[in-house]
């Protein structure tokens, strides 16, 4: 579960000499939101997003229509891109959650994956969400139970023991601190091939655990 | 988490490569010739597109067109080449240079030729990183070594210091592949990368390509003439003919439902592993690929097509969509698709013309007893006492009954050609004996009498070298007639023409020179020359391996016909196991100068196997992506015949050694014994027969019946 | 039969047209043909007897009587040039032909038999080739004296090893072809294989090499003449003419120019032709 | 690699051996009697016979060959009973043979009116003449003596048999003595640096040859230095742009210049630069002992002539090789690796492209030598070529043989150099 496994390899990239107009067309055509700008050997030079392509109106204010057209046609990516030293990047061998944290921390939707300054892929929020969905086996029919337990060592093991005591297999397992309830932990378990009722019966017997939510998903 | 889960669908992806209506032409002395036209396809990330077709169909032109490396006289006439969304047509040389070797890499046929003979492997590899990534030399070399490790190259640090000629063909190809992958390219173009290699090495290289693709997520464009190879590596297949893509679909789809007459023809003209002459028939495609400056006005395939109607000659069929992702350039694709099913099935059915196999024992015509052919080679050191000896053939024994065909298979350097040359008398025996129709033939041809010479003739491999370019076809066929006084002088010409007709060539060929003939025609003339004096035994040394697949079938059929009509006995050498299986009654498998397994064809292709036979069979590329084939890969390369391994010669690479107690120590020490499975089927191995019998069949593909 | 003749004729014209496709070959051929024409019709073209001396006109420049002037003995330079072309255009091809015959046989034998035969032949040829060519000429002519026959002998001796090497190389290549194996498998004799199966396939490069060698033979004959080792006087010999006129270069500079131009043009013409031919045949293949 | 070079070295020695036999045979077995040739038409048979004896021509061929090759002083000293030594005469290109007495005195003998005289030269250069009286007696009772004469022969003198009358000699070599009964010319042998006496000058060949060789080597050396860079650059440029106008121009130019014989191009150059433009001397005549580099202007035209002929040849070889290499698959690989053009040219192509021409260039030394003979002759340059030519015309056998061996050694040596360069450039040979 490292970045290298979830990133998009061989992403579309652009030359620093590509004109802004061309880049806007290119990104639109290929439905891109982020475009790494690379030099020879795929070395990262900068990053372009849809926002960076929007030209600062202040700059244009003093120009007339013809001058604006001329200015725009001459504008290339290297003039507008976020330069490499300001781009937030991630290495291929970083855990996915670390990448997610980086993105949250910097409020960016995309991280170029670089290996010694060479762009080898790109990881976006969509990739991470896909990872989350996969982790929680979204779209696979199963019983999904959310159990609230004290945030104490050994509590999760109790839950897992209870499930395996029934001979059931765990399809997905996840957990997070319970919302608005400090000191508690919510765990989500997905179990396949049994009825909802059986699950409730089995798990409600676990001491100290409370079933918060159960559904067929 | 043992359960399988479907991956989350990724958002709509831009293909790595998208070619639209590409046309490429060359300036020649006949004017501008369009070599490729109207070619479209796309390859996604981590996907392999196989491009298949005969030589001269424009496959390589497309490959070079993509990187716009067409030489001085070639140019892209029209079309778009979108690489990662950006058009490559019209890019400057500087921009292209930055892409080549970095984002687009190429690997092609002959690795020896592709590597610079006077630079060390390390320098050649490292410069890719140094040039594109401005890496420091030692850092680059470090990376190269790691990459060589990834392509399973033994002792990579040492390999870096070597020169290309010091590596074997398989190793060279690994180096070339490693070099291509150094910069993690988005697109890898491979042009017949395994064609020059032996089957077992080829299989290993194909496995490697599969592994690497998963790891690097590279889009691969894989060009080959071999349907089997294409079936093994491709996700999608495009069939090219005379510069056009005539059919394009997912791999399984195209192999199960071929819908263009040419695709169908290609599949019907090669024998599949397991087909034999007694129960099946090969359907050659008539005619030959038209040269690009003389294309037919309508459908390019019309002159050779069995489905052609008048309108096919008038206008070019458009590319039409059959099912999702299956495109065909034929007016009658539906008809072809449905008839094709029958036709494919029919090749397994017994046809009226196919002859009954003769299984009753007949007299033996050729006996080879413990034959040995040794060469001494110049000593490696200046003053060494011993002259090293290459044991090209070392103690080979077999016999061939009259009117039967013995096939000899083995990889290059196993001594099969030497053996055949010794039989015909071009090679001196160093030991052992050979007897032909009761006469001793262990002497060279110059010491044999004329009648004996007449009775053993040979058909050679290379159609371009088999005929003397200075003389007419007629003269060359007539020469044996005259020399052996096979017919009276005044009837020589008639006889030559009769032979030509037998070879399905008309009398007008009499006055032609070899350069006016196609490869297949040359080979037919060579067969005519060989059988002119009615020999009892014809030795065929890879007679079809240099021919295009569509022509192979015709030549094989002719040889079968000759054998049927003249009752000739044949010795048939080939490296293609499907062809041997199809053509021969008995088969001998050779490894490093020795026969390791011999017996009736069907016995060779079913357990018990010699471990080498088993590996060979598992390496054969089968033109059917659904066929199940066990993967048994040999490690290393064939040891030198100069210094063959002790004991069993195969022990250095044998994957089955561990079946024996203490890992097969005995294999290293003692030469293995012959074990008889049946009276005719024998295996040279230490492993007890009972254990060999427990082997699974390598190919579990059952003959599919359309009925 | 009739059709065969026609096709031969057509082939001939085809090859001519191939040659003429290359401008250099065409120019070269024109120069050579010009000299051949001059040589054939020498008696009709020459205004004077090449040996006749005119004591009243010694070392003169061009004049109406002597269009190119006279030499130190008062002989007409033009006539001597014209007759000189005969000498050179006979000696050069003859000596090349002789070396082609000798060299071909040696090369075929060495290349086909290989082994010890080849080794011996090649060692001897190497030894001959180790001599600087001019030295061989010097030694041979010094030993056996200058005469047309000896010039031919010397050029043959010097030229044969080169041709033998070429033919040997071609033979080594051709003998690995399958059609040679087929012939051997038919039990053909070595002579048959060498001369019927191999030689015809070596003819292309051999002809071109021979053509180039005619150029070098002319070069060599001229050099020998210049060094005083050529044809004994008073035979009109271009090299000898230059050597003689060289002495009077300060009084009659043109006297040395004409024969130098003549020999230069002939060799250049031949080499242009041979080279153009080679390029074209290479491209044709 | 060592193996390969050793092998080539072996072949080279073998070749030289064969060549020496050939040179010897061709020049010595040539039709016509050398002695007669030297003495001229009018010499008497006795004179001829005597000269043949003095020249050692009456010995069997193989003896003469080995005498010529490795000398005979070590054999003849047994006759004299003392070691023999060759002493160069300072100031003259000449040398004399002496017998060395045990006390270091150098001895020669000379038949004079009064009888056999012994000439003694002490180690400190003091020269005295005394009448000889050390006669030996053979089984027939005759008194005889084996000694060394003043013209480098070991001579058998018999007491009382003073000079036979053989009459005056007509040409070249004057007959100094005819007093002995048998003559053996003493030679140190070619391999030991003594090519013998020139018939033309009656002096040892060695010193003259060395000076002429020096002159020729300076000419050839300068020519080489001028030719190679020009030719290689032209060839590489043409080969890189195969089929372009530049290529066509270079190719045609080089074809024409190589085709014009040196004597013709030399003549053209003299006419243009010396006769019409009058900027350069038309001949390169030096006093015999000046080195050519002292007057470089004289060298311009000879070097230019050689350059014209050779540049074309080398350029054409280089072009063909370069063009071939640029079409090779591994160059295609290099392009597809995205390497810059000049990196491909210098790193990938040049080395492979030079393998063929370098060998050919070195083999071409043979041609260069030929060119030098002609060029020297055109410009009257006192080099080895002229020396050989003059010797050949005079049938000066020792000079021809020595000159020929020197030239062959140069040629074969350059082949060895070519082989070494070849192995250096071609790893396939280096690592097998």
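Order as written gives the chain letters A, B, C and D; numbering starts at 1 within each chain.
One rule holds for everything that comes next: a contact is a pair of C-beta atoms (placed from the backbone, for glycine too) under 8 Å apart; a residue touches a chain by one contact, two chains touch by 3 or more.
None of the values given here were measured: they were computed from a predicted structure.
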Most centrally placed chain - per-chain CA mean versus overall CA mean: B
Contact-richer chain pair [C-D vs B-C]: C-D
Centroid distance [mean C-alpha coordinates] between chain D and chain C, Å: 29
Centre-of-Cα separation between chain B and chain A, whole angstrom: 48
Centre-to-centre distance between chain C and chain A (centres being mean Cα positions), rounded to whole Å: 83
Junction residues of chain A, two or more chains touched: none
Multi-chain contact sites of chain B, meaning residues that touch two or more partners: 98, 102, 132
Interchain contacts (touch definition) - all pairs: A-B, B-C, B-D, C-D
Of chain B, residues touching chain A in the complex: 1-3, 5-8, 10-12, 14, 16, 45-46, 84-86, 95, 98, 102-103, 132-134, 183-184, 186, 216-219
Chain C contact footprint on chain D (complex, rising order): 11, 14-16, 18-19, 22-23, 26-27, 29-31, 252, 255-256, 258-265, 267-268, 270-271, 275-276, 282, 365-367, 369-370, 373-374, 377-378, 385, 388-389, 392-393, 395, 400, 404, 407-408, 411-412, 415
Chain B-touching residues of chain C, taken from the complex the two chains share: 4, 7, 177-179, 181-182, 184-188, 197, 200-201, 203
Footprint of chain D on chain C - complex, ascending: 24, 123-124, 126-135, 138-145, 215, 219, 222-223, 226-229, 239, 242-243, 246, 249-250, 253, 256-257, 260-261, 263-264, 267-268, 270-272, 275
Contact set on chain D toward chain B in their complex: 3, 6-7, 243, 328-330, 332-340, 343, 347-348, 351-352, 355, 425-428, 431
